[in-house]
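Input: one structure, supplied below.
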Amino acid sequence: MTKFKYDETEGFKKGRDVWFEMRGEKVAQAAVDQAAQNEMTRDLRQFLFEHCFAAAWARPGLERMTRSIITISVLQALGRTEELKSHIRMGINNGLTREQLKEIFLHVGVYAGVPTAVAAVRAAMEEFDAADKAKAKG
Amino acid sequence: MTKFKYDETEGFKKGRDVWFEMRGEKVAQAAVDQAAQNEMTRDLRQFLFEHCFAAAWARPGLERMTRSIITISVLQALGRTEELKSHIRMGINNGLTREQLKEIFLHVGVYAGVPTAVAAVRAAMEEFDAADKAKAKG
Amino acid sequence: MTKFKYDETEGFKKGRDVWFEMRGEKVAQAAVDQAAQNEMTRDLRQFLFEHCFAAAWARPGLERMTRSIITISVLQALGRTEELKSHIRMGINNGLTREQLKEIFLHVGVYAGVPTAVAAVRAAMEEFDAADKAKAKG
Amino acid sequence: MTKFKYDETEGFKKGRDVWFEMRGEKVAQAAVDQAAQNEMTRDLRQFLFEHCFAAAWARPGLERMTRSIITISVLQALGRTEELKSHIRMGINNGLTREQLKEIFLHVGVYAGVPTAVAAVRAAMEEFDAADKAKAKG
Amino acid sequence: MTKFKYDETEGFKKGRDVWFEMRGEKVAQAAVDQAAQNEMTRDLRQFLFEHCFAAAWARPGLERMTRSIITISVLQALGRTEELKSHIRMGINNGLTREQLKEIFLHVGVYAGVPTAVAAVRAAMEEFDAADKAKAKG
Amino acid sequence: MTKFKYDETEGFKKGRDVWFEMRGEKVAQAAVDQAAQNEMTRDLRQFLFEHCFAAAWARPGLERMTRSIITISVLQALGRTEELKSHIRMGINNGLTREQLKEIFLHVGVYAGVPTAVAAVRAAMEEFDAADKAKAKG
């Protein structure tokens, strides 16, 4: 049962569609429903669809994989590790290989400091382990 | 007349070669000669060739244009405006269009804060003006 | 003569209206016209109206002066000095006194490091001097 | 049994008084006693009373709620999540509503990047859950 | 059984030697072996030896304890808490006392914001507890 | 003629004395008098003496040169270039050589990103040039 309603503006729908494609329908829907249980999380989700996913990801001019590269670079550089994990997952959905991710981490490490590369590799290893286990389970 | 000598290690040469290609032979040689006038700038230049350009840019696994995208994203996010200008120039040499640069700036703005996009656009406009004037002059 | 057109979406208009009130009609219109001369600055301006001024400033729930306090605190903490100057001006238009600005600068200095307070005071003094001279001129 | 003594300077007392009012007498006293068990934590606590709470919070010129708004904005922008949680609690004691906190988080998200808003909302939800459970028990 | 081989370049060996001395032979060897299990962690370790420990720590011109002071200051200022813990350990191996560490934390707190001092003290207390327990165990 | 008075507290005097020694009597007195012309700069100067120079620099436990090393490392890492210049000058007064400064800049570059080393070297070269010219003039 959903307590708070989203405002289905143009921006909301555009951002939601991009995000559902990148996250996967099922996980995305569960997150959207969960967020609707509380006014604060509902408003954040609404804001993210309109002013993050519609504002940036839905624009033409760059491929989605390129947008993943940019996002991952920024999150590593700024040390936003939780968000980085979620974008490593989406980056793989957008076509990035583990080899390419590794190269991004080392390159960013030069420009933002080597500790950011250590943290990014640690985050990625956790994501890869989780993904490999999920796959093994089938 | 050069006062301080570089130590022409493997790393130095690998990094220097990448950088000369991206900056253009003439400008690069002048900068290397200028840096050799002083111990501090010589050591910085030596360090950059070995631990920045050889360490990151000379690695296989990502195209040079992709490395420009990563570098520009990080420099914008961290507010390193002077270095950003120099990498906008090199990014264009590596194949980035002005349209793509604009998309990077806005995308990073969402993840690192809109003031970083304002600063990046301001820096890019200065670079474009300088480039257009140089071209007009012939 | 304007070369690039804005896309007058709901968000654009909402953000533009807030910004015109805070910046002053005349200065704002000149900036909007100037930005329209180039695709990159036009797109940035469009983005700022929709995803900064409509996304944050046009929301209910906080007074405009409170939003100035938040914005100035963040810009000082992150060291975005150019943007800080423009928000000091707008903060004064939104009702902040010089005394209150000083208190913000010192308080943020404790939490983001004293060099941010030094930089903010320097930026504010420049703005105040400019404002006092403009006033003296009439 | 307290092993290390505080130096009860003017600044210490001024800062301590503000902090006790914002944290609540009982929790604050326990924290002060706990810190006195070790030289490093004692010195930190002494430093915080003199150079944070006396230096900023005890000054006239801004209401305490306004100082909470500034502090929360800076902590979110810089990604200091642990400290943010403690200031969300104190901000509520200083009169901030959950609705106002939400607006601060989204506004800061625009200026410091949307991942900071995601992290702040996550931190606040944890604080709210803990507070609601304590109340239900109480 | 080690799956991925290191490339034993000059830089690798120079960086490895410094790191083994600072970390302690046994812990260091285990970490190097563990990293070799996976291509990403192997490449990171290779990178760290060449472009962090050889690039900075193996240089003449500053004593190792001074390099610990610099590293700890930067890690605290940038909020890299995980890496900070590991460098608190190495700093003690390089001769820093707990008293000196405390002074570094408070000094950096003034320049990078008091929350960084709170986080650094918290990290150090964890390290000290672990070290004291290990010692008590014998 | 001085318009605003300082509050000569214990902290003020302790901080002022340290700063006068590090900056040089004449330059320091001129800066203090200049700051007293305006309420905002007077309050900032008062705050710096009490909550920066007394709070950190006047403490026992670390030599002044070590405090310079910490300060310079943090300012470089956070990109506070204007403040960095002033602390390069004071660091030299506290006994740091140009060679040691260079080593600090490169070491910090590894941990905070190479662009911070480039900016620090540029700042230092400006300071050295100014100092050399002043000396030549005699």
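Order of writing sets the labels: A, B, C, D, E and F. Residues in every chain begin at 1.
In this text, a contact is a pair of C-beta atoms (placed from the backbone, for glycine too) under 8 Å apart; a residue touches a chain by one contact, two chains touch by 3 or more.
Keep in mind that this is a model prediction, so the values were computed, not measured.
Using the contact threshold fixed earlier, the set of chains in contact with both chain B and chain F is A, C, D, E. Farthest from chain B in terms of Cα centroid separation is D.
Of all chains, C has its CA centroid at the greatest distance from the CA centroid of chain E.
For the pairs E-F and B-C, the larger set of C-beta contacts lies at E-F. As a whole-number value, the distance joining the C-alpha centres of chain B and chain D reads 42 Å.
Per-chain CA centroids place chain A at a distance of 30 Å from chain E. Taking each chain's centre as the average of its CA atoms, chain A and chain B sit 28 Å apart. Multi-chain contact residues of chain B (touching two or more other chains): 47, 51-52, 55, 74-75, 77-79, 99, 102, 106, 109-115. Listed in rising order, the residues of chain B touching chain D in the complex are 77, 110-115.
Residues 51-52, 55-57, 59, 61-62, 66-67, 69-71, 73-75, 77-78, 99-100, 102-104, 106-112 of chain E are the ones that touch chain F when the two sit in their complex.
Per the touch definition, chain F reaches chain C in the complex via residues 38-41, 43-44, 47-48, 51-52, 74-75, 78-80, 82-83.
By the touch criterion given at the top, residues 11, 47, 50-51, 55 of chain B touch chain E in their complex. Listing the residues of chain D that touch chain A in their complex gives 79, 98-99, 101-102, 105-106, 109-110, 113-119, 121-122, 124-125.
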